[in-house]
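The structure under discussion is supplied below as structure tokens; questions concerning it will follow.
Labels run A, B and C following the written order; every chain starts at residue 1.
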Amino acid sequence: MARAVTQQRKTINTALAWGIGLLIFFPILWTILTSFKTEATAIADPPVFLAFDWTLENYSAVMERSNYARFLWNSIIIAGGSTLLGILVAVPAAWSMAFVPSKRTKDILLWMLSTKMLPAVGVLYPIYLIFINLGILDSRIGLVIVLMLMNLPIIVWMLYTYFREIPVEILEAARMDGASLKEEILYVLTPMAIPGIASTVLLNFILAWNEAFWTLNLTAANAAPLTAFIASYSSPEGLFFAKLSAASTMAIAPILILGWFSQKQLVSGLTFGAVK
Amino acid sequence: MGQIKLNQVTKSFGEVQVIPPLDLTIEDGEFTVFVGPSGCGKSTLLRLIAGLEDITSGHIEIDGADATNVPPAKRGLAMVFQSYALYPHMSVRKNIAFPMKMAAVPEDEQNRRIEAAAKALNLTDYLDRKPGQLSGGQRQRVAIGRSIVREPSAFLFDEPLSNLDAALRVGMRLEISELHERLKTTMIYVTHDQVEAMTMADKIVVLRAGFIEQVGSPLELYHSPRNEFVAGFIGSPKMNLIKGPEAEKHGASTIGIRPEHTDVSMSEGMWEGRVGVAEHLGSDTFIHVHDTGLGDMITVRITGDIQVKHGDAIYLTPQLDKLHKFDAQGLRME
Amino acid sequence: MATQHSRSAARIMMAPAVILLLGWMLVPLIMTLMFSFKQYLPLRGGDLGWVGFDNYVRFVSSSAFWPSVVATLTIVGGVLLITVVFGILLAILLNQPMWGQGIVRILVIAPFFVMPTVSALVWKNMFMDPVNGLFAHLWKFFGAEPIAWLSEASMPSIVMIVSWQWLPFATLILLTAIQSLDSEQLEAAEMDGAPPIKRFAYITLPHLGRAITIVILIQTIFLLAVFAEIFVTTGGAFGTRTLTYLIFQRVLESQNVGLGSAGGVYAIILANIVAIFLMRIVGKNLDA
């Protein structure tokens, strides 16, 4: 393997990497810290880093002001529902593209990706009208559908790249062993692709969780997820740093924790399956 | 039962015809080897029989019934793949059980067959391991076990030994041959290695560019190759093929002589040449002889050891009764 | 390489995804096209009939149009430049031997998890606020006059916020690509006498080509649609009104659907120009 790295070189690398890592992470850290300060300490000059009286008052203030649980639940349903629905539609499509490729497969894939490029704003009003007519404006089911369609190209693409790594011989073996198409996908392909599917689910869950165009424009009171919850702090409440921080922390904590626990799949998912 | 009949079968990928119209009958219980250089269509032919590819025209019959449009799962054939194609997420036991699970074989019957297969293939201690924890040879045996338990009417092997190292390859060759002796089931075996073909087959089908060059038993192919291609392909080291005046002396366009059918002397003989490289294997010595005036280098094989140096003069005499003659079309002349 | 049977199965299994996306693309698109030729004011009389290309002419001749195209391209270009360049540097650094690599990686990825509304709010208030923001404190500490970031340097501020969100993604993809580089290639180059800079330029950088393409493709898809960051911070003021935001204002704020729809068609055309350009590159690279 590689030659011995000098201790000094490794120390420099470590210091540099940690310095930059902490710098990048700092806004999040600062938000979390500020959420435990009083409003006065939050804007103190010079800023207080750790030596302050920790308080939970901001969290209770935020909870009083709005029904956090409801926003959270909406976020979970919308992100989870759209991701699962997307996977159900995408798995068969990705199977077709990966294992029965035709001359048009690449074109279809690129076309799907290109629908992602259609500016949402260009079709905002039509969708708005359709939603009113269907009576699903400001409903969770409406957002589940829209976000599923939004993320479908990415889900198909990611699954396609993961599936392509599975040797086609194994699927042929299943066919020779007497498996029907359904059994082949259910018993052989899906279990083998679990890591890839997990990465896809995680990444798309996060994308849907953080999606802030449709969720802001198609919801009001009933179906509003955390993106709307936090947008309501835009002003003038934004000037109350501690409460803003508490609300922010509450909005991002679920994803940060999820990310922490599923790091490996996430790292693979974050590359959209495109780079090995 | 396991008779397989191909009737005017062709296969094209787009414009390219990889299998021209082809007829072939594989008898029940026969060990048939498809052999040929890479790209000759032997794997494609096997996949056509398996049903993993559609045939472009013609018919395939299995045991007298038309199987042309029957999906692979319903043909009752088992296949062992080059990469073994084990299911990595299943234990060895589950891998072997999979075809029976698909066929809804009762649980206790499944277990009985798994135990029997594991015993026959020396896998009993590994039944609960995952394929990733096995060596190449063990994986190969699991793949064979998986194909045995469903009691197919024929086994298809697609270059099953090419991923194993040389020593294992010889061992597995024997195991597969023994398996055939025991089961007496039809086996079709694809390989590019003529040694495997010679040692295992009842019947060899030599393919080139989708055409069947010759069908016959190993010794038929060795003793009377139908054309220059088969002559050059079967046998190791390769037959020496000589064109030009020397061939015309025998009334042929090309003559062929196997390295083991040439007598060698240091003092006199029909052809004179110089020693190039001598390969000493202990039991045999292969000598590559240059400057014979016959065109290409001539290879000869001598039993035992012989002391020659690079550049030594050497005399070769072919055994005339073992000489193969081919006409201008490359076909065998009797 | 497949049978007729599996090919027809493949078509059936592909159908739901294709039909859904086709519907998702075509239905609203046709409606947008239709509206764009109408005088359509939902709150002031509704559908007032066909007006031909009036909306298109009005949208382009509005003084806000070209600045919004420029703003859009500035954000996309600026963020791409920053994330790719810093992404490469950071990926190289993270690929070096060090202690606690896993933790550093988590720290670096974290911004990607933060929803755009949150990151925009946090940056806007807690960092860029000219009175109480952390930057203001820092500037004062060094005796400088605090900057009203989002009004005086609005564009760089937004580019910075968005770059912060996307740097993790670029870094991670590039890091994964660097790790997949066969170290024997670098060793061979070293044996051939290439110094580190040349090894980077001739071996590492070409190897990263595909990864960089993917970073650009995916980020462009998302960056063209940047919305929340502007919605929350400047509300489109101070030269940060992107095409997306301009259309949003026409449709939802001034409730002029006809005009907004014409803008939408322009946005679609712009996206398509970028898409064709990108797909050309990516199509080639995807085969690799």
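In this text, contacts are C-beta pairs under 8 Å (C-beta built on N, C-alpha and C of every residue); 3 or more make two chains touch, one makes a residue touch a chain.
The model shown is predicted, which means the values in this text are computed figures rather than measured ones.
Find the most central chain, measuring centrality by the gap between its CA centroid and the centroid of all protein CA atoms shown.
Looking at where each chain's C-alpha mean falls, the closest to the middle is A.
Name the chain pair with more contacting C-beta pairs, choosing from B-C and A-B.
A-B
Roughly how far is subunit A from subunit C, centre to centre by C-alpha average, rounded to an integer in Å?
Centre separation, subunit A to subunit C: 16 Å.
Compute the distance, rounded to whole Å, between the mean C-alpha positions of subunit B and subunit C.
Inter-chain centre distance comes to 57 Å.
Centre to centre, by mean C-alpha position, how many angstrom separate subunit A and subunit B?
Those two chain centres are 53 Å apart.
Note the residues in subunit B that touch 2 or more other chains, in rising order.
52, 71-72, in rising order.
Would you give the residues of subunit A that are in contact with at least 2 other chains, written as numbers and ranges?
As it turns out, subunit A has no residue touching two or more other chains.
At least two partner chains per residue is the criterion; list those residues in subunit C.
1-2
Quick check on the complex: what are the subunit B residues that touch subunit A?
Its residues touching subunit A are 50, 52, 71-74, 77-79, 81-83, 85-90, 98-99, 102-103, 146, 150, 156.
Quick one: which bits of subunit C touch subunit B in the complex? Just the residue numbers, please.
Checking each residue of subunit C against subunit B gives 1-5.
Within the complex, which stretch of subunit C touches subunit A?
1-2, 6-7, 9-11, 13-14, 16-18, 20-21, 24-25, 27-29, 31-32, 35, 90, 93-94, 96-119, 121-127, 129, 132, 134, 137, 140-141, 164, 167-169, 172-173, 176-177, 180, 183, 210-211, 214, 217-218, 220-221, 224-225, 227-228, 231-232, 243-245, 247-248, 251-252, 257, 260-261, 263-265, 267-268, 270-272, 274-275, 279, 282-283, 286-287
If we count contacts the way the header does, which residues on subunit A are in touch with subunit C in the complex?
2, 5, 9-10, 13-14, 16-18, 20-22, 24-25, 27-28, 30-31, 34, 43, 45-47, 89-90, 92-93, 95-97, 99-100, 102, 106, 108-110, 112-127, 129-130, 149, 152-153, 156, 168, 181, 206, 209-210, 212-213, 216-217, 226-227, 230-231, 233-234, 238-239, 241, 244-245, 248, 251-252, 255-256, 259-260, 263, 266-267, 270-272, 274-276
For subunit A, which residues count as touching subunit B in their complex?
167, 169-170, 172-180, 183, 187-188, 191-192, 194
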